[in-house]
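Here come two complexes built around subunit A, the first alongside subunit B, the second alongside subunit C.
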Partner chain A sequence: MSRYKKMIKRSLILILLLPLLTQAGCAFKDIDKRVFVVGIGIDPSEKVRHGFKVTLKMIKPVGDVKSVPSQTYAYLTHESESVAEAIRMLETRVDKVLDLGHNRIILLNEKLLSKDIDTFMDFFTRRGDIQMITYMAVAGTTAEETISFEPETETPASIALYNFFDNTGTESPYVLTTFLFEFRRQVLSKGVNAILPIIDINEDKTAFIINNAIVLKLEEKPVKLSEVETKYFNSLLYNASGFSYKIEKEDLIMVLNIDTVKMKYKIVLDEGPPRIDMKVTKYGVIGESNKRLDISNLKKYDKTAAEEMKKKVIELLTKLQENDIDPFGFGLRYRATRLSREGLMDEWDRIYPEIEFNVTMDVNLKSTGAVE
Partner chain B sequence: MNRFLFYLILISMMTYMVSTTPRTLIEESANGTVPSLFLAIIAGMVVTYIIISKFSHFPGQGLPEILKSYTPKWFAMPILFIFSIVWFYVGLSTLITYTFIINRFLLPEMSIYVVVLTFVLIITYGIFMTTKSIFYMSEIIFLIVIPFILFVQIKAYFSLHLNMDYIRIAIMQVNQLPNYKSFTTATFIAMGAANLVIFNRYFKKLKKPTRKGMSLLTLFFSYILLTTYFLPMGFGGFDSLDNALYPWILTSDSIRMKFGLIERIVFIFIGAFLALSVVTITMQWHISIQLLSSVFYFKRFKWKSVNLTLPFFALCFWAFSIYRAKTVTSDALYRGVEFFDMVILPITITLLIGSLWLAKRGAASKCPDTKK
Partner chain C sequence: MTGQQAPAIFEDLSEQFKPSDDIIQTPLQIKGQYAFLFYLKSVVDGNTLQQTVIKPFFEMASEEGFESYIQSLPNRIEVPSKEKLFILISAGFVLIAIGDQTFLLDIRLVKDNEIQDTIMEPTIHGPQKALSEDIEVSINIIRQRYHNPSLKVEDIMVDDLSNRAISLIYDGERANPEMIKKVKKQLKNLNTPLFQSAGDLQHFLNNSKFTLFPTSMVTERPDRIVYNLVGGKVIILIDGSPNVIIAPVIFFDFMSSMEDNYHVSIVSLFTIVLRYIGLFTCILLPSMYVAMTSYNPDILRVELALTVAGGRIGVPYPSFVEVLFMLFFTELLTEASMRLPKAVSSTATTVGGLILGTAATEAALVSNIMIIIIAAVAISTFVIPINELSFAVRVIRLFLLVYTALFGMVGLLIGFIGIVMVLTNKDSLGVPYLQIPWMGKSDELRMDNR
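What follows is the complex of A and B.
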């Protein structure tokens, strides 16, 4: 009896080891049989009515990065009625499997934003292998041109656009990062508008410029934010570091480097006219000055800076309100602080155009830098 | 309380965190899921308490032994047979859910047969182990996997892109009447204690649950249940998540490990839950096959000196699960699970508690001395 038991156990272990044989390779397709898509651009189609033009940026697998003299990207374009169809057709033009699982950026043409977003975004959330942490952006010119642009600072095996958005390379408050999951939830939610960064190319065709943002409105023309507005938005909502601010007062010019921004807001309805109380606290140091500064005067500089920055924040909030867009999600907060009932969003739609903003700005300068 | 009892209950709670439970809860998010969750916490813990204390009257005995010695045969046999089918069905739906998840997110090109077979092979090895070894296996896997899962969840809770407003909107739905579907679905994940029908054989000195044990269990259950429901909201949005089939996969895909070995955390996450699901299915099918063999045991169905009853049942399990995995659609799977939660689960629990109560009376009348 025990002999048979032993035999059965041994053969079971052997059977269990057998599946290991199938593990040699990436799900039966080796890496040299795959081509990795590292960027997707979507434009409206010129030939097909209501169609899309899909551009894929692909990276070719190479044995050794050091031996590659220049870029190893390939580009493919196809126009079709839907994104899925275009990608299916592109598969017939490559000898390898198109692997979308490593893609980290989706670029949209600005003209698509006023259309029904669902018609082309559905593909990306329906497919399981596309990452939800893919970056979303809007191309300044066309998505095709932007996705196939290779700036001078781009090195082999590193994709410049990823470095902009992933906060491991450059970190700047001008660069807004929107992930696919954020974009999805903002587009589909009531009470918030989706916001995307705009990627431009400079005139010499040497570098990207990413310092604007665009706010989507449901099936209407989107609203662009200027550089300064983008910077304020980004630092208020996402606490983006590297925020700097120039103050000019009388003959004193100084630049502040703000490294921490904290923002809290509350919607107040029961005291007089409806208003939003926003409290912003900033911590930082002085980065540049045209005069010798007195360290005991820091409190005074705090106040000057706070007043100036408060004006800018109110300007931004008023502009958003005038255009009836809400990328901060004040509407969400309104819903989040009231028990659910029918017509809550209609109420908010009536309140928002008339709401007042009451901004309290607190600047805490910690030092004058390394010198006085 | 014995620590293995904790593993028994906690593992089955955790397994359903990513599979069918969140989908059903979120589907009903506007129709009173939140109050149902609180009711489910109470109901789940009360039922757990009752089941454990009933089993503590029969130390070291599984349900087959209990029923066979203290209740009439015409009552015991059908009950055991029904229970074995119920446990098989629960294991099967877990298996198919995870097969679908693998097929959609990890290995889209792999044949579904291969996935099911790999699962079933390992589980078959598992269900032939002794009850004690299954406990040891569950402890090892639990201790390896829990740090990963907690890490991902902590990372999610502290993510900058988690928007608390969506979670608060979800909480604000508290003013609705609870609904039955969410209630039973949420209660189901607390039913790990029902696995004592066979696993009680291991507990020679099972005591009534202590106050400390029960409050710990309530704490864990509340955390797991609330995280299951609310965390996906914070990433996916309140209005936009009801069409997601696997809200938790979407959530874990939205978490980014900036400096991790891999940026996309979802693979670690799915891997961890796969390990848990294997333990759960192993436990459930172990119970099912033991119950089945207590009803039908073919003494003369032998090859040399090895009885082939159990291998024969295992083969039936294989055949049925492969057939089912191939034919079922994900909608049918969800409807099946919902039907199970809403109808079969309450019946099963009532039958279980009822038969234990009968058995206790039977035991008391057989040997009146032990009655206190």
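What follows is the complex of A and C.
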């Protein structure tokens, strides 16, 4: 029975191959043999000239998430001439594999912003895994201090800074979100300036404060935006929800809750002096008032609100213009809608400081709130 | 009393059947009239024999009268060749010789002709009764549900030792004649000494030696049979088995339940979608766990990655050993609860499912999430309506697991593409296995293959 012999031989080979499964290969790294980096802070180095100080925030998994009061982290710092080198050196200090795949926040020191930002961010943008998910921000103090801060509201297995920037947690027009890929695009494109949120820590050391932003200028000192300016910018460009606005007119004080903001603009060059026609439409309700309101007067409130807010928008646009920064990307729009030719950008650089802003604000209040 | 001698064939018969004690060879005799009976008493209904043959014989006036009486009996069939005669006698036919004439009467005694309840493919709506173990009763059930002269019933003689009756049933107007020829040829060429059930026969109908996916369907539901008859399929019945074989079939037939036809459209769409999700879950989930925990934890969201990592604290073996270990035990559990008597099987599932699962996590042999995955996989395996496919799926996910353990997410993908390729390469009696029936239900029923 040669057929059976053959079968027996085959099964024997299979059985002999089976123990191979129990052999540990070098590539098999289970999830518990990895340590997840959940934040990277970059400061200028104090020891190395033109170097960087890289801080990694690593999360420690806990067996039973429900039984621990708060999340525990581990921090590692290294100073080196380049970011990649620093991270390679940090790998020698942990027993597990450094897994950057879950890193979604990179904090920069403010001093680094005027440097050649493209070179040291190169390490991150070259990685395929995190460039679409990582948020960029600027630390109010040093990146190391901010990244290693743990706010009181942080619960286990959830990272506070992630919740700020993705839309699963808080949503506020003060919090600006910039992704890594967006940041790189804005840094490298002509006609637009990158804008980053600033992360501060409150005086009691209990919570983050993220309510203003900073606009980068290539190899120059960056320009900070105030809270209100950040709010306006964020709601105009990104339709950030939760925008509220206080109107004071005579003795009437009203707070409007705006839920939808629509903005479009047009660069008009051929009619008189160059100008930008911006049309903003806002929809919302009245959230608070110190007086009895009548629903039939809604149109009147619309008008009052529109006038007030229009002033603020023009103020913001003028401030940006005066500082010669363009986070809205007017210049990019100009470039994109004109035939490419030499000196196009120089042309825009001449036009922008003198351009006029013609803002039409349209406010549509839907109700005076749920109370009559 | 010189009497008449029994015909020569009776001698051959008794030669052939000796030394069985249940052969009866008896002459009937009254006033010079003779008749000879030959039968096996264990398979012949004695009462009917007495009522329809013996009693009339003594009441008849003449031999001729009795002869024409026998001639007109509804259960009389032509006397076939000698070889076939032996088989028929052993199946419960009675041979009668009157003068020079011989007659063959079907007075079979069948004890297993109850109609069974549907066990393998139960539905909430739809018929609750399945077929019977007796082929005549089964044909009766099918005929009673499909009153159409185009319904053809053909008996096939198959060359095996048990000489069971096998019937082909098809709708002569809808079934492809080529297909019928193919099925017949396939049945003729069966190279097996014995087969006992539809499942058995189906196995031998497959041409290749190693097969994982079934290429013909075994079913017990009369409504499914009728549905497939209308669709132009060929049904093979085998005596002694409450199941029939439907051929040819495609992969998607195994994913359909008769219940789909009995619900309102949205509900059945929902259940169909649910079923396909279940199919993919039970094939992919164990491998996905390995791929995600050991190769690409970046795919998971960070909260889940942390929970998985936390759950794996203290687990000594790599993730694929963990999965293999748990899959092995669930397979044992499924197998055990199937083979055990009903009274004991609930204990087995309790001990296995609850106690083993909890204890394994307590002892940190496997992670909590593993238990959830294994439970989800086990449940979703049961969602597949036809049992044969769910057996195949149980094997397949082990293949995928090996691929994934070796090559990670890429391995999972390659393994899955491999499965699709195997399925694409397969055919059921010439019909591509993975053929997608882009046809509405009414078109399918109106389908005319010729």
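In this section, the second predicted complex is superposed on the first by the 342 of 372 C-alpha atoms of A that agree within 3 Å, B and C clash if a C-alpha of one lies under 4 Å from a C-alpha of the other, contacts with A are read in each partner's own complex, and residues count from 1 in each chain.
Just so we're on the same page, a contact is a pair of C-beta atoms (placed from the backbone, for glycine too) under 8 Å apart; a residue touches a chain by one contact, two chains touch by 3 or more.
On a predicted model such as this, the values are computed, not experimentally measured, just so you know.
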Message = Under the stated touch criterion, which partner chain does A:99 make contact with: subunit B (first), subunit C (second), both, or neither?
response = second
Message = Just to be sure I read the superposition right, which of the two partners does A:129 touch: subunit B = first, subunit C = second, or both, or neither?
response = both
Query = Counting only touches as set out at the top, which of subunit B and subunit C does A:88 meet: first, second, both, neither?
reply = neither
Query = Which partner does A:31 contact after superposing on A: first (subunit B), second (subunit C), both, neither?
reply = second
Key: If touched residues of subunit A are counted for subunit B and for subunit C, the larger one   = B
Message = Going by the contact rule set out at the top, does A:336 touch subunit B (first), subunit C (second), both, or neither?
response = first
Ask   = With the two structures laid over each other on chain A, which partner does A:299 touch: subunit B (first), subunit C (second), both, or neither?
value = neither
Message = With both complexes superposed on chain A, which partner does A:246 reach: first (subunit B), second (subunit C), both or neither?
response = neither
Request  = Take the contacts of subunit A with subunit B and those with subunit C, and give the residues found in both.
outcome  = 22, 27-29, 129
Ask   = Which residues of subunit A touch subunit B in their complex?
value = 1, 4-5, 8, 12, 15-16, 19, 22, 27-29, 97, 128-129, 131-133, 166-168, 179, 181-182, 184-190, 238-239, 329, 332-333, 335-341
Query = Which residues, counting only subunit B, touch subunit A once they are in their complex?
reply = 30, 104-105, 107-110, 114, 118, 121-122, 125, 160-161, 163-166, 168-169, 172-176, 235-241, 249-250, 253-256, 258-259, 263-264, 304-306
Residue numbers on subunit C that touch subunit A, as the complex places them = 292-294, 296-298, 302-303, 305-315, 318-321, 324, 402, 405, 408
Request  = Enumerate the contact residues on subunit A facing subunit C in the complex.
outcome  = 21-22, 24, 27-32, 34, 36, 38, 59, 61-65, 99, 101-102, 104, 129, 157-159, 162
